[in-house]
Structure formats: C-alpha cells, structure tokens
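Questions regarding the structure given below will be posed in turn.
Chains: A, B, C, D, E and F, in written order; residue numbering restarts at 1 for each.
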Amino acid sequence: MTAAIAVGVLTAGGFFLLLRPGLVRITFGFVLLGHAANVLLLAAGGLERREPPLIGDGDRAGMADPLPQAFVLTAIVITFGITVYLLGLARAEHLAGSGSRSGAGPGGPAESAEPPR
Amino acid sequence: MVVVTVPELLGHVLTATGTALVAVAALGLVRLPDAYNRANAVAKAAALGVVCVLLGVLLLMPGVFTAVVLGLGVLLQLVTTPFAAYAVGRSAYRSGAPLARATHRDDLGGAPRDGGW
Amino acid sequence: MSAPALALPVAVPLLAAGVLAAYPGDRRVHRLITSAVSAGVLALSAALLAGSLDGTVRSLSMGGWPPGFAIVFAADALSALMLCVSAALVLAGLAYAAGTGDDASPRFAPLAMILSAGVYGAFLTADLFNLFVFVEVMLVPSYALLTMSGGRARTAAGRIYLTFSLLASTLLLAGVGLVYGVTGTVNLGELAGAARQSTAVALAGGVVLVALAAKAAVVPLHGWLPRTYPEAPPAVTVLFSGLLTKVGVYGIIRVYAVVHEGTGLRWTIMAAALLTMVVGVLGAVGERGMRSILTFHMVSQIGYILLGLALFTSAGLAAAVFFLVQYVLVKAALLMCAGAVETTYGTDRIDSLARREPLIASAFLVSALSLAGLPPLSGFVAKLGLVDAAATEADHLAVGIAVGVSFLTLVSMVKIWSGSFWGGEDPSREEPLLRLMARTAVRPALTVPALVLAVPSVVLGIAAQPLLTAATEAAAGLLDASAYVRAVTR
Amino acid sequence: MSGEGGTLVFALAAMGALALLSPALDRRLGRDTGYVLAVGFLVVAAVLTPAASTALDGGAVTFSRTWTDSPEISFTLRMDGLATLFCLLVLGVGALIMAYCPRYLTAGGRHGRTYLLLTLFGGAMLGLVLAGDLLLLFVFWEMTTVASFFLIGTGGAKAVRPAVRALLVTGMGGLALLVAMVLLGIAAGSTDLATVLRAREEVLDSPLSPAIAALLVLAAFTKSAQVPFQFWLPGAMVAITPVSAYLHAATMVKAGIYLLLRFSALYSGQTGWSVCLMGVGLLTAVLGAAQALREHDLKALLAHSTVSQLGLLVAAIGVGTTVALAAAILHTFAHALFKATLFMIVGVIDRQAGSRDIRELSGLMRIMPVTATLAGLAGLSMAGVLPMIGFVSKESLFQGFAGADAFPGAGVVAAALAVTASVLTFAYGMRIFYGAFAGPMLQRQLHEPSWAFIAPAAVAAVAGAVLGPAVSVLDPLMRQAVLDAEPWAVPPYFAFWHGLSPELFLSALTIASGLVLFSERDRVDRMLQRLPRPDGAAAFDRVHSAVLGAGAVVGRPDRSDSTAAFLARPAAALVVLGCVGAFAVDGPGIRAGAPSDPVDWGVLALLAVAVAALVRTRSALAAVALLGAVGLIVAVWFLLAGAPDVALTLLLVEVLTAMTAAFVLSGLSPRFPRPRRGVAAAALAGAAGLVAALGTLALTGGRELSPAGAYFLEAAEPETGGRNVVNTILVDFRGLDTLGEASVLAAAALGLLLLLPGQPDGTAGGPRAPYGRVLGPAHRLLLPGIAGFSAYLFLRGHNEPGGGFSAALVAGTAVAFGYLAGRTGTRWLSPRPLLAAGLVLGAAVGLAATALGDPFLTPFTIPVPGGVLSSPLLFDAAVYLMVLGLVVTVVDRLGAGPGEHR
Amino acid sequence: MTARQPARLRRAAVRWARVVAFLGHYGVRFLHANVTVAREIVTPGSGLAPVVVEMRLRCRTTAETTVLAHLITLTPGTLVLEVRTEPPTLFVHGMHAADADRFLGELGDLEDRLLTALRPPDSRAARGTRRQEGNP
Amino acid sequence: MTMTAVLLGVLAVTMAVAVWRMSAGPTDADRVVAVDLAFVVFVAAVALLAVRLDAPAVLILVLAATLLGFLTTVAVAHLLERWSS
C-alpha cells in the first residue's frame, strides 16, 4: 500500500516536472520517475520479506527477493548515466544559445538559461 | 518483562539525547532570525546530536564492525562539519544573504573582498 | 541447441569499443576495426540464419547458469534475420559515415560500436529486463550521436529525442517490473502464453508494449521521430533509421507473440497500425525537406509492420518480417541519397538533381519506387504480402488503408522527385551559389553506399523467395513459439 | 510448357535487353538508334509469330515459373488471341514509332534515356498483355505507369506537373487493380489468369464480386482516361510526339481497354458492369469529342480525340454483346492505326512548320501534299468514312450499340450518343485537315519532310486504308480475340460491306451532320468556346494541395519545440492504459500488499511533502536541495525494504547527480523560468500518478517469493562464494545486465566528451579552486580515507553491501571533491583510459569464458601469487573503471563553468 | 642513544600534555557552547546578539589557521565567514556577543591556547602573549 | 523497539523542517543550511534503522552519507558563490 502510494506520488511529481519548461527541471522529473520505477520494482519483489539478502546475517526465510534489488541497482546506474548526459545537454544548449545571434533558444528564452546574475 | 542492560540503557539515553539535539537544531532552523545564525547553530548542534546517536547505536549494537564504522563516522562528522559550515557561511555572505536586524556589528561589510581563501 | 557464439555480437563490439576508445588516433584504423567487427557479426548472423531455417532455435545461457535464472540469448529465424540486416546496415552506415565525415570524432566509432552491441543484444535476448538494458545500451550512444558536436538545432532536437526516449525507457522498466510483480519471472519462455491466462499479466505486458510502441514511434507516440531524426548528422540518421525503432518493433512482435500469443489486443494493435500508417504518411506528405519527408515515412512504415502483426497469420507475420527487413535497407538507401545531397550542397532543398547527380538519382529512384510499393521491387512484394494477408482475413478496411497509404507514399515520393530531382533552376538563387553548385558533385564515397543499398530493392523484389522463405520461417516461429520457449527455458 | 512458351520469355527479355542497350547505341548512333530498335521490335514480333499462330488456332501458349510462394506470384506468360492482337499493336506501332523517332528527335542531342524508356515501356506493355498471372499483370501495369511518368517528364520543367498528375491518377488506378487482383485471387482461389477466367461462377457468387468489378473498372478508367480521370491524358501531351503517339494514343491507354476486354469473360453481361461502362464510356466519348472540337492545338485536339475514342471502346465493351465486343476489338486496332498516324503527322507539322496551332497553320497541302494525303487517309479513317478500316469498325460499333440490352431502350440511347460522338469526331477530323492543310499558304520556305520522316506514318495510314476493304484478313485474329474475351461467344465475321443496314444509315447520318457542323464551324466554335471548360487538372491540383495541406496540419504537432508537447503523449497513454486496466482487472487481483511498517507511513508522508515542495519551487537551488532530500527519503524507504545495497547506490548516485546539476546550474539562472499555470500539466501528472499507484497496487505484492529469487538466495553462497546475494546476481548470475549498464555509462561518458569538447582527454580538475585553501587540507586529510573506503566497498562487495558500482561512485566523490578543492587528478585519472580499460576488461572477462569453451561470462579463476583471482572480481573491476570514468568525465566537462568552457 | 634523548622525550611529553589540556579545554567549551545555543533555540527571544567581527591572527602557517578556523566553526555560536591571508584575519560570526570585544577576547584566548598546544615547547612564538597590535 | 520508532518519528519531523526550509528559503543560504541538516538527520536515521532492523551492515551508509552530506553541502555552497561572482 505504502509502496503504491509512493510510486503514485513520485510519478505524479515526476510527470509534472516533465511538463514544465527548462531542461534541468525536466531532468529532475526524470530522477523522480526513476525513483518511482525503482520503488515499483522492489514492490514487485514483494514487501513481506524485508531482511537484507545478506547470507549469514539473518533468517533466509525473511530475506527480501534479491532479484528486483539487482534490477533496481542496474536501473539506478543507467538512469544516472542518462541524467548526467541530460545535464550535459543542458550545458550544451546553454553554450549553443549564448553563441548565437538571437539568444532565445527553441521554445523561447524561457527554455534556455537566462544569463547568470 | 524486558531486561535492559546498562550499556543498552546508556545507548538509549544517548540516542534519545542525540535525536533531541538534532530536533533542537531543526527548531533552530525554524526560529533563528537569519541564515548566519541558522548556519551557526544548526550544523553544530546537529553534529553533536548525530555523534551522540552514533555512540548510542554503538552501545546498542556492540561489535568490532560497528565500532570501526561508527568510530570513523564520528570522526568524519567532526572533521567535515566545520568545513561545511564555513562553506555555507562564506557563500551566504558572498551571495548577499542579509544579516538579521539584531546584528550590531559587521566588520566584514566594509572590508574589501580579496581572492581570499 | 547451445551456441557459445551467440554472445559474440554483443561482446566483440563492446571489446572493440574499448580498444577504439583507447586509441583515438588514426581514423583509418577505426574504420578498419569497426568494419571488421560488423562484417564478422554479419557473417555470424548469416550462419545463424542459415541454421535456423529448419526451425532450430539456438540458445545460450549466460554464465552457464540454469536457464530461467540466467539471462538467455536465443536465435531463431526472426532474431537471426534481424541481426543480419542490422549488421549489414551498420556496415553500410559506417561506410557512409566515412563518406560524410560524420566519423571524424574519435568518439564516433566506439559509440557506434556500443550502439550496435545494444541492438544485437536486444535482438538476441530472451529476457525482458535484459531487453531493457540493451535498449539503453543502444539508446545512450544514440543520444550522443544525435547531438554530436552540439549546435542549436541539434541540441533542441536532442532534448526532445532524449527526454522522450528516457520516458519510454522508464515506462519499459516499470512494465518489466510489473511483469515480474505478477509472474515472478522476466524470462520470455517462462512468460509464454501468460497473458492469455491472466488479465494481470496482459495488463503488465500492455505497459511493456506501450513503452515499446513509444520506442517504435507508433502513433500517437510518434512525434519525436520526425521531429528529431532530420536534425541528426546524415550518417547518424541512416544508422538510426535502420536500427532504433526496429528494436522497438521487434520487441513488440516478440512480446506479443510469446507472452500474448497473438491474442487479446488484436483490435488495439490493428487500430494502432492503421492510425500509424495514415498519420505517418500524411505527415510525410506535408513535410518539405527530403529528410523530413523520409523520416516521417518511417512512422507510416512501422504501421505496415504492425498490420502484419495484428493479423497474426502466417502470411501476415511473414509479410511483416519481410517488410521490416527490406524496408530497413530501402529507407537507409533513401536517407543516404538525401544525406549525400545535403552533405554536398549544404541543403536538401535543391533542384535538377536528376541531371546533376544521375547516380544518386538512380539510387533514390529505385528506392523511392520500392518504398511506394511499385513492382517489381522489394517494397511491392512486402506490401502485396500484407494486402494479401489482410484480404485473406477479410479485413477490408486494412486492405483499403494499406493501399491508400501506399498511394500517399507515392504522392510524397513524387513530391521529392518532382521538386528536387526534376524542376528547373530556382531563378531566385544567387549567382555565386549557382556557380558553386555547378562545380560541386556528390563524391563517390557517398554515392557508392547509396547505390549498394539500392541493389537489395531490386534483388529482394525480383528474387524475393529466399527472404520470403526466411520470413515465413520466422513467422512460423512466432505463430508457434514452442521451440523458442523450449530453447530459453530448458 | 512448349518451346513456344520460351519464346514469350525470350521476347520480354529481348525487349529488356534492347532497352538496356539503347543508351550505348545512342552514344554510337545518336538519334538513328531508333532504326535499330524498330528492327529489334520487328524481330521480337517475328519471334512471337509461331506462338501467335498457335494462339490464333485456339491453343494458348504459356510459360510458367514460380516467383514467390507467399504472397503467391507466378511468372506466368500466356499468349492467346487477345494477347496476340495487343502484341501486334505494341510491337507494330512500336516499330513504327521507333522508326519515326530518328527524324523527329533533334540531331546531335542525347536521346539514350528516351529510347531506353520507350523500349522499356514497350517491354512492360508486352508483359502486360502476355501476363498469365493476376499479379504479374499488375506488375507490368505499374511498370507502364512508371515508364509513362518518366517519358512525360522528358518534356522538361513544364512537364513536371502533368507528369505528376498522370502518375498519380494512373497510380491510383494501379492500386485499385492491385486490390482487385488480390480479391480476385481470393474469390477464384487462384491467381492464374486462365484459371480465374474459367471460374466465372465462383467469382460472381463471391461477395467480393462487386468490389472486384468496381476496382477493375476504376483501374481501367484511370488508365484509359475516362471521365472524370480524363484530364491527365491531354496534360500528358507535353511529352514529345513519339511518346504521345505510342503511349498516349496507341498502346498504354489501351491497357484499360485490354483489362476490360480480359475480364469481360467474368463480368460481361452483368448489369452493373454494363451500365457503368456504357454510361461513363459514352459520356467520355461525347465530352471528349466536344472538347476536341474546340481545341486549336492539334496535339491537344488529338488527345481529346483519343479520350473520346477510348470512351467509345469502353462503352462498347460495356454493351457486352459479342457484336459489340468484336467491334471494340476491331476499333482498338483501327484507332491505333489512325491515331498513331495522326500524331506522327502532327509531329511532322510541328517540326516542319514550327507550330501545332491551327490558327497559325494554313495551306500546308500545297507544299506537303504527301503529308496532307496521309493525314487525310488517317482522318477519314477516324471519321469513319469509306473505305477506311475506321469505317468498318465504326459501323460495327453502331451495330453493337444498337444491340445494347442492359436495360430497356439502352440500344437507342447508346446508339444516339455514339452517333453524337461520331458526328463531333467527323467535325474535328475535318477541323484538323482543314485547319492545317487547307487555305492560303502563310509560311514560306517550308517543304515536304524527308521520306524517312513520313514513312512510318505512311505505313500506318496505308494500312488503315488497305485493311478497310480487306478487313477479313484480320478475321482469324479478331475472332480468336473475341473468343478469348468471351469464351462462350460465337464470334462474327467482319465484312467491309454490310449492305444497306441500319448502321450504314447511321454512318451516313454521322457524315451529313458532321459536314453541317463543319460548315457552321465559326458559329459552332464560338458557341463551344462559351461553354464552361471543365478543368479536371485544376480540380486535381486542388485536391492534391489539399492533401499536402492536410499532411502539414497532421504533422504540425510534431514540429513543436516544446518538450512537454512530446512528453505529454506517453503520460496520456499511461492514463488511458490505466483506465483500460481498471475495467480489465477485477477485484481479486488486487491485494493490499505487505502489512506496512508504521515507519513506512512516516517516510511516505515525508516523501509527499518533499515532492510537493520540489515541484512547486522556482528556486534552482531549492530544487537541487529538495531533489537530494527526496533521494534521502527514498533511500530510507529502500533500507526499510531490506535493500541496503540499493540505498547505498542511490545515495551515491543522488549526490553525484546533485553535484552535476550544481555544476550545470552555475551557468544558468538561479530561478527557473516562470511556467504557465499548468493546470493541464497538473491534471495529467496527477492522473498518471494515480494510474501508477493503482497499477503498483494491483500488480505487485500478490505472490510468493519468485522461483528465481529463491534460487539466488539458495545458490548464491554455494555457487559463487558470495554472501551479498544482490551482488552475486550483478556479477555472477546476471553479469550481462551489468556489462550492459556499465557500457551505458561508458557511452554516456563518451557522449559527453563528444558533446562538450574540451581539452583532449584533460585531467579532472577545474581551472578555479573555489575552496582550495580550506578544502585542500580537507581533501588531503580525507582522500586516503575515501580511497580506503572505496577499496573496502569494492573488495567486500561480494559479501557485504558494496561492489564495483558503489565503490567507484565513492571514488568518484573523491574526484568531485578534488575538483572543488582545486586538486587536479593524476594523468591516468582521465576519462579515456578508464573507459577504455573498463570496456576492454569487461568484454574480455566475458569472452575469456567463451574462449575456454564455456558460455559467455561463466566465472573462472586465475591463480595469482598468494591465491586466486576470480573473474567476477575482475568483472566488477571493469564496472568500477567505467563508473569512475563517467564521474571523471562529468567533472572534467561539466565542472568548469560555461564561461570557462572552450 | 645520545645525551639529548631525554630532552627530546621531555619535550614530546610536554607537547602531548599541552595538546591534551587544550582538547580538554576545548571540549568543555564545546559542550558549554552547545548548551548555550540549545537553550537559545528552545527558549524564545533571550540573549541573541549576533556580530560579525574581524579577528587578526597570530597564526602563521596554513595548518594553524585551518585548525583554528575549524575549531571556531565547530563551536556552536561561532562561525568563520571569511579567511584572509594578508594579514592573517578571520571574520567570525558570533551569536552571543553582546560585548563584541569580549567576544574577540575569548576567540583570542582560544587562539593562544591552540598555538601553545601546537607549537614546539621552546618556540618563542608559543610563549608569547597576545600581540600588541591587537584588534581594531 | 518502540523507542527507535519514536526517535525515527522525531527525525521525520526534523526532516520535514529541513524540507520546509529548503522550500521556503528565504535565501539560498538558508537552503544550503537545510541541506546540511537533512544529511545529518539521514545519518542519524540510518543509524537508528540499523538498530531497528538489526542489520549492522546498514551502518556502512553512515560513513557514506556523512561524506556525501559534506560534499553536497560544499557543492551547493559552491553553486551559490558561482552565481554571486
């Protein structure tokens, strides 16, 4: 139940940010969506068993399903790589924007960076 | 009937004290008048609080691994807190965060800025 | 049948990417390595294809762990065929990139290798989560290649491409998670027919299908493709056209065939197919630039492939597979022509190309006619197969739309031809530009790949039977997935 | 399959070879290539003669090979009487046109392409009439369309639009034909033409039958320029005259006629078929003739005349009686002769006098008597005057129309309309002759063209004149053709003289009325010019641009620059899917999941607060901070879910993301752009969130531990020696996922290097050291600790939380820290070596197993001094290198502010 | 073993003793400051009297300055905002400095004790008292 | 174990305060302070969770989070200075 609500909250927040202007905010939206997907994956493993799957540290019967955790680890790292690239693209947009004549990026000036204060 | 040993009791006391200190820090974040006072009070109070919590946890979960990890944690906390606080304070001043009206002396206000540290 | 070599299409390009990243120096060495690797994959996949024509499915449990717990790679006729055409396209695309100079950066070759590894992996894996991973392995280099060297238009396109792909990926991940949540497995073999037995699985699989549909540019999730592909460097558009959305389509076909066993969503898929065909072709008709028209057509062509899937008959699936394979080559040839013009003349809004560039014009013509489905070219056999299959199923609406869309395809190809290849000199053009154009000509390095890729349009039309045989075998494997399932679960 | 069957293939191949040869010939012989090709056409005709004679004896010659199995196309050629007739037209008229070309085409020019296309067209047309398979027929049909397009296109810039119109109109018909053929194949159970034509009952009983007929008719109407598609044909006259004569008078436009004749075996006598063909055909005949009568351009006049004549043919086929069919067949032949002649003559006039406009031409009879005579012969044939073949065929047509029985009174109406068209025909025939040849001579220095130029026209004209009286020569051909069109027919014999029949009366009426019209030509002309001119081409263009406009509208949303416009669609798709799911999944599927830990609710509440704050804020720094807070909260949730590895990695990733965002934001505004109100965005996002929550609720938590999960918990320690099960999955059981994700990071890093070119393989460390003097000591102090921590995580990862990812991320924080502290990295701590080494090591470790004969990524050990090195550890090291490589790249390329970027 | 060995040992012992003494002093000060600040936060509106003062240093080396700034900052109620090198100066934010000079004096006392602990026992600098140039 | 639950509840409230300060500001410097506090709260929470879950292995996060909190704070402060320079 809590997992589902968490997924819902993160998804709603993520999508809202996705639909806002500005690449950085969009990127943050993706971070939230990534969290949502990860929570969902762990929930998919079942949350009745919550012992960390570390052999020898506890009762194996209570251990959480390790496979979704491995999935989540993989997904987190992939999302990280893409997030970082997105932020790099934000920098590239800024560079492309400041290097050209109009200064207004696609979608208007609101989309690109305002000059630093 | 729950039997509580002395180290456990001490552990609980320490964790409670620590948590209380952290809570106090949070209260400071609410109540103190400007960013400087907040930075000044919060970081330090919270640091002490977390140190207490860590020590308390060590008493509640004695062991070599916990001792090493928590010891390192305490040390790291004490070493990093001032660096962080300094960074916060300096950036606050440099970004022009206003001083509370109660501040009755500001030597830095007239001082020329240099490259500094 | 276990085949240790199944890992090579993924591992060797990655190894090559590492080597190429380590030695950024000589471009010729880069070209040599990438070509050798791609040619090797092509040879391997041809061998796999030949071996799969009797219904044999080769598989490989990674790490030697028991299937079901390990990630399993499997090559049936469909996978082998996709692998084959992808490798061929990578080979041609790299040659073309050498011509356009898009491979100038020392990062190009390693990125292209990682991309190809992702594509190959996606075609081979029988594991849904692993599919997600390989889709990402394919996409992340594509982000870099699309936005290569920055610039305003490219970063703007890159932002849309990247964010949309990322959203689709997230959706895919969530779908895979839900599938695991319901079934406790992500192994396709263990999921065989699961959607038929449980609505919950069908729904979770539906999320996966929607995500794949977004990656395949199925209407209404298509807009990103025509918006962004034309902005990519010409050689990159060529690579993308044949690889990226095809993975999405392949995924849809495989998941729908194995997990849904071709039931349950037939009308949804049919509706999506028809809508995709129509919207795609109308969009293409309304575009102006050569590459814009061509990229919008990709959407429409995806619709054709889905039509075959929606029919889910042997004839329909075979036609879809045949369509997919030949269309990859046709579209690449067309984009090569457009890119060659753009690279050489600096614009694709140009006239009298038939006179200026007879060879490019020939390559374009053959491919465009094939795309429009005119006989005796490959596109004709493909479209005939689909129309025939739809008519056999008495799906006359589909027949009508398929034919109507084919007509509009002709309209748009004629638009390009009459505008850019015929048509007089634009009198408003400035004199220096005219003189420049008179002196300029497309270099052989750009002409040859386009001509070479135009050949399959003819060959796969006139001698269609070998590919049809393979496609029919692939269709058989989709209709009855039991051999595939045995291979990946045993 | 007889040897004669082979000759059919040989004939087609020869046409193809001639076509391909023609550019080379053109380089050698220039425009005289046409003579070679004419001979070639005749040779091909000769080759076909034995087959033709067999066919005329009633024994069709066939050749068949399978082309494809599914869809089933067979390369079947079949020569029967009907095919023979059309072969004769294609090759005979073709030879004449080829012989005409050399003198018509400009000397010294390059005509290879024209010859190639003309010959190719001839081949395609030959294939079309010889095709013995439904789909093969379509194949050749489309090839003629395409050849026509390019041949019209030889007319230069002004020809572009007409060529496009012709292509699209006939192309549309072609697609109708395709569908017709496919449906017919289904209805008849075969695509073999002969089989299908024998299956009249099955086809007519099939529910598909009306659709097939309609599609066939549509195809024929477009190709044969029937109303309302007729406009493309006059437009096509921008092509050079040989093209007009060959394609757009004698052969290609007859493809529609051929099609209707061919499928008369199925549909002849069906009321709908008859009414449609007769109605449209006669309308076309009258309108076309009227249009011809008011043209001044001779070529345009001939074009409209062709339209009109085709209308008569279509109508006659529609009548469907044996007499009418026979008439149509004969008239097809006659029309080819006189129309080809007239076109060639007009070409001659054009070349000799420099104009085709009858207002500029006059009196050519005096200086070009031979030409005039030939024109007269052809004109008379067209007008249906004795003793030309046109007379015979027109008489037959009248006879046929009079016998129409599709509905009561059909004969009278049809005959009346046919006569009307013929009257107009007579009038415009006179108009041609009188306009060009009669009257005073206006132009000096004109002379009779060379004999070579007019010889081809002469042959056709004389043939038309001779074959009138000798029409019975054609009987074997015509009768067999009629039999092939209507197998049940008793074909009539043609006679030059029928006696004083009603048809003769109609002919006389026609000529008399025509003469009246001609004598009153000025008044008629004025009246006709006042009539509205139906401009089909303009209408077509309007539809065409409307379609293009509609396309532009359809594509408009996808030209947007707004990212949200694109991202909203998957969100909406998700919502739709959720709605569908809400109906599809019933209650029992939903479980409340695990009994929630009360702490869960606290975490959840916090999460909601943090997310709400994050989406609302416009402060960039607040967003970074709140994003970090959300990360911390989610990490706690992961801890509660028993996933310490995940929590650790998330934490590290979260911080590196925040740092990267801080690097990037330092070049941007501290305030995010002010968005619009975003009610729609909020609604969509809310709906998507709801769907996601419900989906999670419904589809997770409803089952026991999965077999895979149980296996990993069971097998991890005995099989891999690792106690951290998650890590064993990453490096042992599912190493391929890990290799993939590490490759993703490598690609992201390489991509950043490509996107943000900086100093080549620069080392980490920005040009500015903001906290150098303070953080420098801290860095020195902490670096060994961080390195040790990283090493610990790496080495113990198999047993405790940690592993290559988190270890490398920890090392990455040291790099980032070093950047902030102004301490540059060492030489090897640069992106390229790290990424390269990681990729190579990862792939190599996996491939080593392959080399050892095991599946990819099978674990193995390497003995080293003091123990063994296990391959999973090496694999993890590869991951470590790639992750670190990415972090180093980020710091290298994003750490420097945008102003400092080169 | 040389004759100077005992002297070195003694010096080391003295040094360690001073360090321990300093740490003890600092510990008491640290805890006291914590209590003060906590009380300040919990009880509303009492003795908050913030200042930003300039503190000229006797510290010479980077290490000395770093450690001093570190210790001042670690103490609740005092926070270094700026560090300057020419001349060595700290700008310190204090929360409870109704008397700014007294506040500076306390900081100077801490510096003295620190330098005493850090510098070798025989160093002249370590033995010196507050510099006369003082604070403004 | 109710003791740690109560303490965790208290920490949740303090985290909420930090989040509020991040959102409310009013200056960016206030937000940086809040970041600092958030990490401290997280470290304390992780330590208490380790007790609650009886999983000492979790304590590794204490080290990581302390280090990362420091770095995050510094990086964000750095950003603030960049903007103002």
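Here, contacts are C-beta pairs under 8 Å (C-beta built on N, C-alpha and C of every residue); 3 or more make two chains touch, one makes a residue touch a chain.
The UniProt protein names, listed by chain, are F = Multicomponent Na+:H+ antiporter subunit F.
Everything quoted here is computed from the prediction, not taken from an experiment.
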Would you mind checking which chain's mean C-alpha position lies nearest the centre of all protein C-alpha atoms? C
Which pair wins on C-beta contacts, B-F or D-E? B-F
Distance-maximising chain from chain E - centres being C-alpha averages: D
Taking each chain's centre as the mean of its CA atoms, chain A sits from chain D at a distance in Å of 41
How many angstrom lie between the centres of chain B and chain D, each centre taken as the mean Cα position? 70
Which whole number of Å gives the spacing of the CA centres of chain C and chain D? 17
Listed in rising order, chain E residues that touch 2 or more other chains are 69, 83, 85
Which chain A residues touch at least two other chains? 18, 23, 26, 36, 40, 43-45, 50-52, 54, 57, 67-68, 71, 74, 78-79, 81-82, 85, 89, 92, 95, 106-107, 116-117
Could you list which residues of chain D touch at least two other chains? 561, 563, 567, 571, 603, 640, 642, 644, 663, 665-666, 670, 692, 695-696, 699-701, 703-706, 708-709, 712, 734, 737, 740-741, 744, 747-748, 751-752, 755-756, 771, 773-775, 782, 800-801
In contact, pair by pair, are chains A-C, A-D, A-F, B-D, B-E, B-F, C-D, D-E, D-F
The chain E residues in contact with chain B across the complex are 33-34, 37-38, 40-42, 44, 48-54, 69-71, 73-86, 91, 93, 95, 97, 100, 136
In the complex, the residues of chain F that touch chain A are 53-55, 57-58, 82-84
Within their complex, chain B touches chain D through residues 72, 76, 79-80, 83, 86-87, 117
Chain A residues within the chain D interface of the complex: 1-28, 31-32, 35-36, 38-40, 42-57, 60, 63-74, 76-85, 87-92, 94-95, 98, 106-107, 109-111, 113-117
Spell out the residues on chain D that touch chain B in their complex, using ranges where they run on. 771-775, 778, 781-782, 785
